[in-house]
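One chain, chain A, appears in both complexes that follow, with chain B as partner in the first and chain C in the second.
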Partner chain A sequence: MAAVAEQPRRLRRRGPHARREARIGLLFVLPAFVLFVLFRFGPSIAGVLLGFTDYSLMDSPKFTGLDNFTRLWDDPVFWSSLKVTVLYTVITVPGTIIAALGLALLTRRAFRGSKLFRSIFFLPVVTSLVLASTVFIWIFSTDGPWSTVMSLVGGHTGSWLADDVFVVPALAIVGIWSRFGYGMLILLASLQNVPRELEEAALTDGAGPWQRFRHIIAPSLKPALFFLAVIETTASFQVFDAVYVMTGGGPANASYTLVFQLYDAGFKYFDLGYASAIGLALFVLTLIVAIIQRLVIGKEK
Partner chain B sequence: MSLDTHEVTEITPPPIVATEDEPARSRLRLRRDRRRAGREQDTVPYALRGTRRGKVLRGVLLGVVALATIFPFYAMVVLSLKPSGAVEFPGSLLPWNLTTSAYSDVLGSQDVPQWLINTLIYSIVGVLGTLLLSALAGYAFAKKRFPGREAMFWSFLSMVMVPYHVTMIPTFVLIAKMNGVDTYWGLILPSLANAQAVFLMRQFIQGLPDELFEAAKIDGASEFQIFVRIVLPLIKPIMATLGTFVFLWHWNDFLWPLIVGQSTDMRTLTVGIASLQQQNVPLNVVLAGSVVAFVPIFMAYLVGQRYVTEGVAATGIKG
Partner chain C sequence: MRRNIRPRTVRAIALPALATALTVGLAACGGSSGPGSGGKTITTWMYPVIADEAKNKEYWAGLTDAFAKANPGYKVKVETYPWANRDTALATAIAANKGPDVVYLVPDQLPKYQRSLVPADEYMPAADKADYRKAALDSVSVDGKPMATPLLMSANPLICDKRVFAAIGESTYPSTWDDLLNLAPRLKDKGYQATSYSGDTQQTLNLTWYPMLWQAGGEVFAADGKSVAFNSEAGVKALSYLRTLVDKGYTDKDQVTTTPKLEQTPVAKGKVACTWQNTPADVEKFWGKENAVVMPPLKDVKSAGYGTVGSFAMLKGANKDAAGKWISFVAKPENSLALVKSNGYFPARTSAADPYPGNALQAEVAKTLDVMSAGPLKEKSRDVMGVLAPEIQAALIGNKSPKDALNDAAKAANALLAR
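== the complex of A and B ==
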């Protein structure tokens, strides 16, 4: 039966018409394909291979086995930038998701101005972090708004950006500011899937807001929350722009992140093999965290 | 913001497409139906609408967060309009004693206008190139049968998973070997290989009925004519969404232009403004540069906002 059904399709595929179709299809894909080979497939493989070499653009790469990785393991700067990156992520990701969730729940029902609020919350997402950082430097400066407010409420005085403990939280605040609007939109889209009848029924049965959230809203949001957790973690692991502009990795490496180290290794010292090894470490780290998140948040899709 | 680390999810194809029997009018009707559907969704039963106190609380909360969100933009604009050295808080935030001296510094300098031109070239060529390449490839992947199609498509898509920082170094090496450092083509070309764009195009075009293309073929249209006269007009919605995002990614891109544009003349605005910041240029001048760089983004956001927000909601495309 299946063979019979297969027959005419095969014949057609071999016909002159089908051959022409195939030629045109390939022709249309060709430009994108060439660029992908040059700038995606090639570099992906080369990126992995370079991690096992000593290479500086001048002479050809020398294979050095696991040298780069043992060097990485023994490099205190790597552990420090890993710590900074993880700390930044641990503050930024939950902060972003909680803010996004809260605002999505608040702007969920249309009311006068709800669209305006959503547009405002999304504005930082489309804004370059480099540009935003130029004004955040002032906001966090010694006599700037943040420091003033913090000293009024009895917190840390002086600029957070100059403090080796508070510099990462300061950067995380900027990170949350720039990302929560995206999460809010994702969650708003999936809040539409919450069954209205169920919510009404729960309400008539006297379920409080928390119970309604826990048992009716939260289950529908699970896939979106997982998606956000992965995306935001990946983005946070790659934090660079704001750090480069606001602190330059300082004070004393207190905000020096993995991508910053990769950038310096590659483009300041032209130690391209080592820089590639850092890139691979970042990749593996991202994968591990994504798997853990998958296990924690839920096995179902 | 790196260019090609964007995650993807499914895109919903257009529910209805204008056909020959149902010309432009149906699109209007579609819009009206959508509006109605939207309104119906918003008519929440009284019980779920919340109490008056709850509403006031919600308004206050949202207002505070909105003010905090806007504050950096406000500070950026006001401080850029202040004389040099006016940085004290809260005095300098008041909107008087304004001067445009920082703007004449910025726009009168040699660098910033050049950076603006570089950024425009990078963004516009980037958008046009990405849209064209991904429309061609997306159409072929969606509607043409050719050997290796599935394998090729999935290998394209798998590139979304490889983080940008792994491919960045070899890409730089390649561009450097081809003498592309400090050139426009070296800056732009790698950014055109955009897996997410190809994926979204293919998903969208797959949702279009085959009959549209077959009818044109029977009428004797060439493949080129079909692409220009039928495919391109039909994919306008996804072009608008994708175009807005690709524009934003290019305009805001930092790391790649930082690496490739090594001379002052080849910097983009983000790289240039970061360099101003590091050269201890007065705050009002740096911020004036930021405002100059921000205005086009703000315009693009105002114009393309619908595409941006709907695009995020429908595809999870990264902001």
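== the complex of A and C ==
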């Protein structure tokens, strides 16, 4: 409370010179700010407004009130794509974070070839997902390696991509593969902040690997984990490329995601008002999840 | 003190202010003039029909020069855009009033842009109109009115792989659904599939399931266009037939949901007897020209197949006289020949010379041009496909009966049409 009260006093004490400097500083920020407003903020607001209109690009938008949202509420395809998106996220986010954490812990100490491993693990992040998806189509095909291994271990036979239950897990595997390298990098950076003396002291005191991780490493990774959880959730909610290339939303809409529905509504059917309503729903959903994550993981910061 | 600071302050303020002004200025004045300019420069948006960049450039440079010579004072600017996301780019440009004067469109696109197009009747010379194949003009007509000028036609007849038939000791190729189904078990015994069906929902049904619907005697839309008719008995028959092919392993199950690259498909690997989802130009590099046999599209109650048309359409706001002349100029058989030959297409006009003299395969394909359809041209054709394609998949993977799947799709489609 005291810190908050102190703030205005300090500002008041600033002389005319400092104020002018601040104004000049603001002016330097202005070009970037104008670009941001023009190309980011403006379109976002326009997108929200379009959600309340009927707009096909060929005519001017017609205000239709909440029509798009009532249509969305009654649209079974929306609920099914919401379910698919949430299921994908529920598998991908923990999967990506666990994979990232595991590999970051394995490669954190310098050993012979550690840099090579880090680079290899980061490779999927810089690989074109569209190209990789083409390869994954083959991997998951009926005669592909994945299906062969699965049938050998007594799992599901046939292509996962052609099965309405296994298609989302298959896409999630591709999602995790393409994202874990980024998370690993963030966590590696964060691991550098873990005081080595503490770990060594714990080791001397006889703490096992799990205890060291639980009481020393994990607490200092919390901010990075929160950041990753938010970033990965946002990315997962927006999944599109891999689905578009690998399944086209099929079979029978079993992998049809919210962004796919948005894309179809906007750019296949030119129903821009409805597409914007879907976009707004997606935004609200992402926001709610981010707030929950903040309350659960990141409440100290 | 103040006096000393001021020039510096002015400079400090002036620099970012100038940068901001430039940013805003640049953002505001991007893009070209677009239609509505009504001038004598005709902007044309083209796509890589001629895939080789240098050849494409050379072809259009030749045509624009010849046109400028024949029509002094007119200038044509041809811009070639990638195929990917072309609707997004075009629709956005039209909305911003920065669209071209002339654009290359296929029939599937016409209904969506109908309100922005100048009907072709308004600039197409009567003699030219009489010269078009009926199938070509029908394919670009929305509500009976031609909306664009056809430049080329394609056909997807039934193509069979001679090697596969030789392997099972068969010399008669299928003409009907029953023929194909009777051959299928023998083919399967030898490790071949009867046909190939792409059920990927991103694939146009015009190429995949609609031909089967037409062959069974069905239609996508009711005659008045206000409701759908694909859930008729013919529709159920067509989907049940297809499901039998999938269930019994007479067609590749994976392709019901995914579209691999052509070279990874059983068709390219020589494992499929007949296909209507590829053209001879697609398969001959894998099969060898001598092994591709062209048959008329399959028949249940009638023979029908998919064929499309590449056309030039004029956007409202263009200089009608200038753009009309340019379109008619490109549509002359001798001028569109290079476009036609680029991918094994066919001329849309009857007076055109045979582009493939001595090529028996292409001569067979040409015979089927008149039974081909580009699919229904309704404003909501694509939207209807959007609800129908997943239901077809649901039937093919066994989640629903063909009848239930089509009825569910019809319910959703009719709701779309009613809106």
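In this text, the second predicted complex is superposed on the first by the 262 of 301 C-alpha atoms of A that agree within 3 Å, B and C clash if a C-alpha of one lies under 4 Å from a C-alpha of the other, contacts with A are read in each partner's own complex, and residues count from 1 in each chain.
Keep in mind that, in the parts below, a residue touches a chain if its C-beta (ideal position, glycine included) is under 8 Å from a C-beta of that chain, and two chains touch if they have at least 3 such contacts.
Since the model is a prediction, treat every value here as computed from it, not as a measurement.
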Chain A residues touched - chain C or chain B, whichever exceeds: B
Which of chain B and chain C A:142 touches, first, second, both or neither: second
First, second, both or neither for A:130, with chain B first and chain C second: first
Contacts of A:248 with chain B and chain C, given as first, second, both or neither: both
Footprint overlap on chain A, comparing chain B with chain C: 24, 27-28, 31, 35, 38-39, 57, 134, 137-138, 141, 244, 248, 267
Residues of chain B touching chain A in the complex: 1-2, 4-5, 7, 9, 41-42, 44-45, 47-49, 55, 58, 61-62, 65-66, 69-73, 75-76, 79, 87-90, 93, 133-134, 136-137, 139-141, 144-147, 149, 152, 155-156, 159, 162-174, 176, 189-190, 192-193, 195, 198, 223, 227, 248, 251-252, 254-255, 259, 270-271, 273-274, 277-278, 283, 286-287, 289-290, 293-294, 297-298, 300-301, 305, 308-309, 312-314, 316, 318-319
Footprint of chain A on chain C - complex, ascending: 5, 9, 12-13, 16-17, 19-20, 23-24, 27, 85, 87-88, 91-92, 94-95, 112-113, 115-116, 199-203, 253-254, 256-261, 264, 380, 382-383, 386-387, 389-391, 393-394, 396-397, 399-400
Chain C partner contacts - residues on chain A that touch it in the complex: 20, 24, 27-28, 30-31, 34-35, 38-39, 57-59, 77, 134, 137-138, 141-142, 158-159, 161-164, 167, 244, 246-253, 256, 264, 267-271
Chain B partner contacts - residues on chain A that touch it in the complex: 13, 18, 21-29, 31-33, 35-36, 38-44, 46-48, 50, 57, 99, 103, 106-107, 109-111, 117-139, 141, 143-145, 148, 177, 181-182, 185-186, 188-189, 192, 196, 199-200, 203-204, 227, 230-231, 234, 238, 240-241, 244-245, 248, 259, 262-263, 266-267, 272, 275-276, 279-280, 282-283, 286
